[in-house]
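Multiple structures follow.
After this come two complexes, each holding chain A, first together with chain B and then together with chain C.
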Partner chain A sequence: MFRCAAGVGFGVIRMSDQPSTGDDHHGHEPTSQAGPGAVRAGRDSLTWLNEHPPPGPFRPEFWRSPLRGPWLTSMLGLVLLFGITILAITGLVSYAAYDPRLPGNDTTPDSGLLAFYLFDWPTRPVWLYRFTQGVHVVLGLTLVPVLLAKLWSVIPKLFVWPPACSVAQAVERASLLLLVGGAVFEFVTGIMNIQLFYAFPFSFYPAHLYGAWIFLAAFVVHVAFKLPRMVRSLRSRSLFSELRTGLDATRPEPPDPDGLVPARPADPTMSRRGLLGLVGGASLMTFGLSVGQTLDGPLRQTALLAPHGRDYGPGPNDFQVNKAASEIGIDPAATGPAWGLELAGPTPARLDRAELLAMPLHTYVLPIACVEGWSTEQTWTGVRLADLARLAGAVPGSWYVVVRSLQRRGAFGRAALSAEQVADPRSLLALRVNGADLSLDHGFPARIIVPNAPGVHNTKWVRKLTFRPARSG
Partner chain B sequence: MPSKIGDMRRWTAARYGAAPWHLLALLACFAVAGYAAGRAAAAGILIGFLVWFVGAAIVHDLVLYPLYSLTDVAARRRPWHRGRARTGPAGRATNYVRVPAALSGLLLLMWFPLILGLSEDGYRRSTGLDTSPYLGRWLLVTGVLFAGSALAYVIRHRWKPYRDQRRESHGERHREQRARPR
Partner chain C sequence: MRWVGYALGGILIVLGLAGLALEGVLIGWALWFGGVLVVHDALLAPGAAVAGSMIGRWPPAVRTALILAGTLMLATLPTVLALGRRADNPSILPLAYGLNLVIVLAAIALLAVADHLLSASGKD
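And then the complex of A and B:
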């Protein structure tokens, strides 16, 4: 798109400020127009500057890799185009899954217009959030090598000299800061968050959401600008024949207007096939070492390098814990015989655990799926939220509930569940799991389990349910 | 009208350097980005957010990239082999170190908070477990990668040439015999 003509670059804005010479037929390459004589001396020094880049990476000869070129960049870009689109959709879906329009649920209450698309999160299919969030996290991890390779393939352009040939190029390069900064920021904050590594000076939710919007704005524009070039570059070589080309036959791509192909290529030390294999293999490796945290059964043990694929043991309560009781300030005494569930509504009530166990109990196999990407399916037994709603004088289907936990520290000690979630017969106040009483770490004496809800809404150590009429109902 | 549009196109081309839609697209991009940044400001996290956002690009482009490419160049220079051509079997051997090293480095880059125990506090609070197994797991995967690479090298460059040699000497005799009837 931009090819600096001789003598163009620095000073372009100043030159553009000069009145047009009236040469309309030259209007399409305006920046090469000569300014009036008064600025000629200044322009000459600028010309000199443009033609004499600083040493090192600003000189085209600095970049030697014979593999860099528009075809390679486009191949990686094509993968990212699809991959990032899926990451964006699943990420935005996850925001909706939190039902942020219910009171107190929004972790980003300042999102304003960015919440334009929110919808009521359904309770079926029960595996939906498990799937979308598993895809979001595992695909994100899988794309890390592709992103790094893509950035590697275009890094000479960061040092292109002169830095801009026109206002248009300067503005477009500024948008690339949003693109590259945004991509790295989103991957870094996401990957740090799933490792519970909170070294950043902000809350994860707003930063990851607003960072995503900044990134997506730049991403959409970047795709719009580069798509024709990507298609053309992909057609310039056949993937199939590249995959059959070994090191000995590997040659640089023909010189391109963007200057990705090196001016002075070194001998290849790796074929294009080898590089694509390395990137694909790296993706396969990160996928293979993390996907297990979304699976049950023996395959879960393959999650060697994933934060939430650990083995807790063979017992009924030995599955992934999120928020350990002792670490989050749950007083064991408060969960003992003195514990009682408070129901608030038109007919308030208080039930101890024995009274709850005497109510009709129901057992469902439901997944629990966390925003951090891991998930597991367990067999839960408990009282229907709809039955508790009726007990409190609420009407299931048109009343929502605010669930409060004994939890004193940390986030999500409180969560609101929608009227639809309350009414679903599989939504339980679970008392038992896999045939045994809940362990303290899994929320004893009672926890919420709602089909398809994000894990943090399945509140543990429940102490109070407050039923309220839904605004729409 | 067409002439007016044409004028506009020429004007933006002259003053701006690209078509009008290019400018409009970028303005829309900056408007959305500015709005999102405003939301970050409303959430009270703007400074840290911007520092990390811009820092992410700088750290990748000016720290991570130079670090890994210099490591690669330095490793390939191999001062003890100065002056020898890097292509041919000796040069190719470097990829059998390069690839497992790159994969192992990638895993460290992604999981260093767990591998080095830096996220111990948050991890324990969340899972009730400690991060101690991750260093061993990473070393195990690294070991498997290097061992697999060494095995691949032996098969392709030590065993295969030997096999090919035997095949060639067999094949030559066969070809000689076959060549006559044609």
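And then the complex of A and C:
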């Protein structure tokens, strides 16, 4: 609220203790009035300060858009309520998809209680991670205009004067700080990360994950507080009739207790329909420019501004890579004739590429789905992980595997795959893709491809598979 | 009920902060958390307010186009400038993003002109 006076809950006429200046009941003269009588000490000067905000945005008269009001804010809030809930679920699901309970997989090993919801990540449906992570990234980009519009709609609240006059209000404003800071932090780091611009001085994974929990805490508190008011505000006007109201008939909403409706509204230069259309159009634009990187075929080229939007060409290895061989220190000589796959288990073995190619080969169409949101489906040929497990003396279905790569630099040079992933008949040590040998950048001589696993768990340039019995229960 | 919300929220915040601290990213997180707030409150919001007061009386189609263009560039700046491009990985950021941005901006401008011409005949 805008005022500190106790017992006055509805502060439309904020600064009501202030003398009115004639017939302009919205105006006031902040410096002319020091109260009747003599100057009083301490408490009164504080009261004076409370009632005389600094000039500019701290004065309610500064904010004049006639579109601001609880209905508009609630409309945008409703979209964000659903949208951010989906972002939260898909984001937390992505953490689970990395199977962090398997040894060495957890990029945030100190998550403790926050890991309460983890579950065994399934291998079917094969498109699940492609879908959830595609939604996380594309929806995040789609919500950028909605978030900006929502922040615009409540910006006068940032300048509420006095800053706080009760503990409860101070707590509320602190929670808003976490809410806004958390939202902007999550969007900014997420967007920078998918655009491969790692300018932040921290590791993305833990900062984005724990930052999300802090943001979600503020989000849940905010929703719990505002939900009744949001429902009430949404009922105060009909969306349908707003969408039929042009500029000429656009009027400010009735004064509200939060002071979102301007004290001195200007004439509208845009209707609510126009504003909602603008936000919707902007969202449609960011959606349309990013969704293509989750699609194969000609539609991929619609991702004009996506970091992995390119459709490479007709060659069998002409599709995206996240990390190139040269980038993470793969020595091409180590992938030549000297290369051999080491199998560790009860019956260790070493197989060169020719021996692997002589084993029963299977071909499946499986997607590569990156945490950055892009994905592509390809046709992979290779040896079943289950067959390699048996060769090493392991029992498919109750043994998991630790995969090690030749890579020397960068993350995910090793990944653990669950017993279920090892046992799935479509989980391959792939040797070929689309009928040709893997290219060096795609993991030659051999790479993992597991249905529904996050992209980076499909380890490239595999040198060693270590099978271990899974802990039961 | 309200206190349950406070308590749950407080616990989550503490757990989140503890996680950040244990993973050694608390300081970096705090710097950026405060940083994005400052950028939003001190640059983006006043910038939008000033821009709004300047273009407030321009034709709706023009304002719409400018807001769309601004939002788009804000959300895609790292890609358009190809800030994450690497010589040893031609697969990332492979497109001519400057050109593509111009194409999208031109499409926005075209729509704005079309809208302006159409609404000149029939009032919005």
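Details
Following the convention adopted for this analysis, the second predicted complex is superposed on the first by the 431 of 473 C-alpha atoms of A that agree within 3 Å, B and C clash if a C-alpha of one lies under 4 Å from a C-alpha of the other, contacts with A are read in each partner's own complex, and residues count from 1 in each chain.
By our rule, a contact is a pair of C-beta atoms (placed from the backbone, for glycine too) under 8 Å apart; a residue touches a chain by one contact, two chains touch by 3 or more.
Quantities reported herein were computed from a predicted structural model and do not represent experimental measurements.
With the C-alpha superposition on chain A as described, chain C and chain B clash in the combined arrangement. Touch criterion met: A:410 reaches chain B, while chain C stays clear of it. Judged by the touch definition given at the top, the superposed model places A:309 against chain C, while chain B stays out of reach.
After overlaying the two complexes on the shared chain, residue contacts for A:167 are found with chain B alone; chain C is out of touch.
Of the two partner chains, neither chain B nor chain C is touched by A:297. Within the superposed three-chain model, A:246 lies in touch with chain C and out of touch with chain B [touch as defined at top]. Residue contacts after overlaying the shared chain place A:326 against chain B and chain C alike.
Within the superposed three-chain model, A:360 lies out of touch with both chain B and chain C [touch as defined at top]. In the superposition on chain A, A:435 makes contact with neither chain B nor chain C.
Judged by the touch definition given at the top, the superposed model places A:221 against both chain B and chain C.
Shared contact residues of chain A with chain B and chain C: 108, 110-114, 141, 144-145, 148, 151-152, 155, 158, 171, 175, 177-178, 180-182, 184-185, 188-189, 191-192, 195-203, 206-207, 210-211, 213-214, 216-218, 220-221, 224-225, 247, 269-270, 274, 278, 281-282, 285-286, 289, 304-305, 307-308, 310, 320-324, 326-327, 441. By the touch criterion given at the top, residues 1-2, 5-6, 8-13, 15-20, 22-23, 25, 28-29, 31-34, 36-37, 40-41, 45, 48-49, 56-57, 60, 63-64, 67-68, 71-72, 74-76, 78-80, 83-86, 88-95, 97, 100-101, 103-104, 108, 123-124 of chain C touch chain A in their complex. Interface residues of chain A, counted against chain C in their complex, comprise 57, 108, 110-114, 141, 144-145, 148, 151-152, 155, 158, 171, 175, 177-178, 180-182, 184-185, 188-189, 191-192, 195-203, 206-207, 209-211, 213-214, 216-218, 220-221, 224-225, 246-247, 269-271, 274, 278, 281-282, 285-286, 289, 304-310, 320-324, 326-327, 441. Residues 10-11, 13-18, 22-23, 25-26, 28-30, 32-33, 35-37, 39-40, 42-43, 45, 48-49, 51-54, 56-57, 59-61, 65, 69, 76, 86-87, 91-92, 94-95, 98-99, 102-103, 106-107, 110-111, 113-114, 118-119, 122-129, 133-134, 137-138, 140-141 of chain B are the ones touching chain A in the complex. On the side of chain A, the complex with chain B involves touching residues 1-2, 12, 16, 20, 24, 27-28, 30-31, 108, 110-114, 141, 144-145, 148, 151-152, 155, 158, 165-169, 171-172, 174-175, 177-178, 180-182, 184-185, 188-189, 191-192, 195-203, 206-207, 210-211, 213-214, 216-218, 220-221, 224-225, 247, 267, 269-270, 274, 278, 281-282, 285-286, 289, 304-305, 307-308, 310, 312, 320-324, 326-328, 410, 441.
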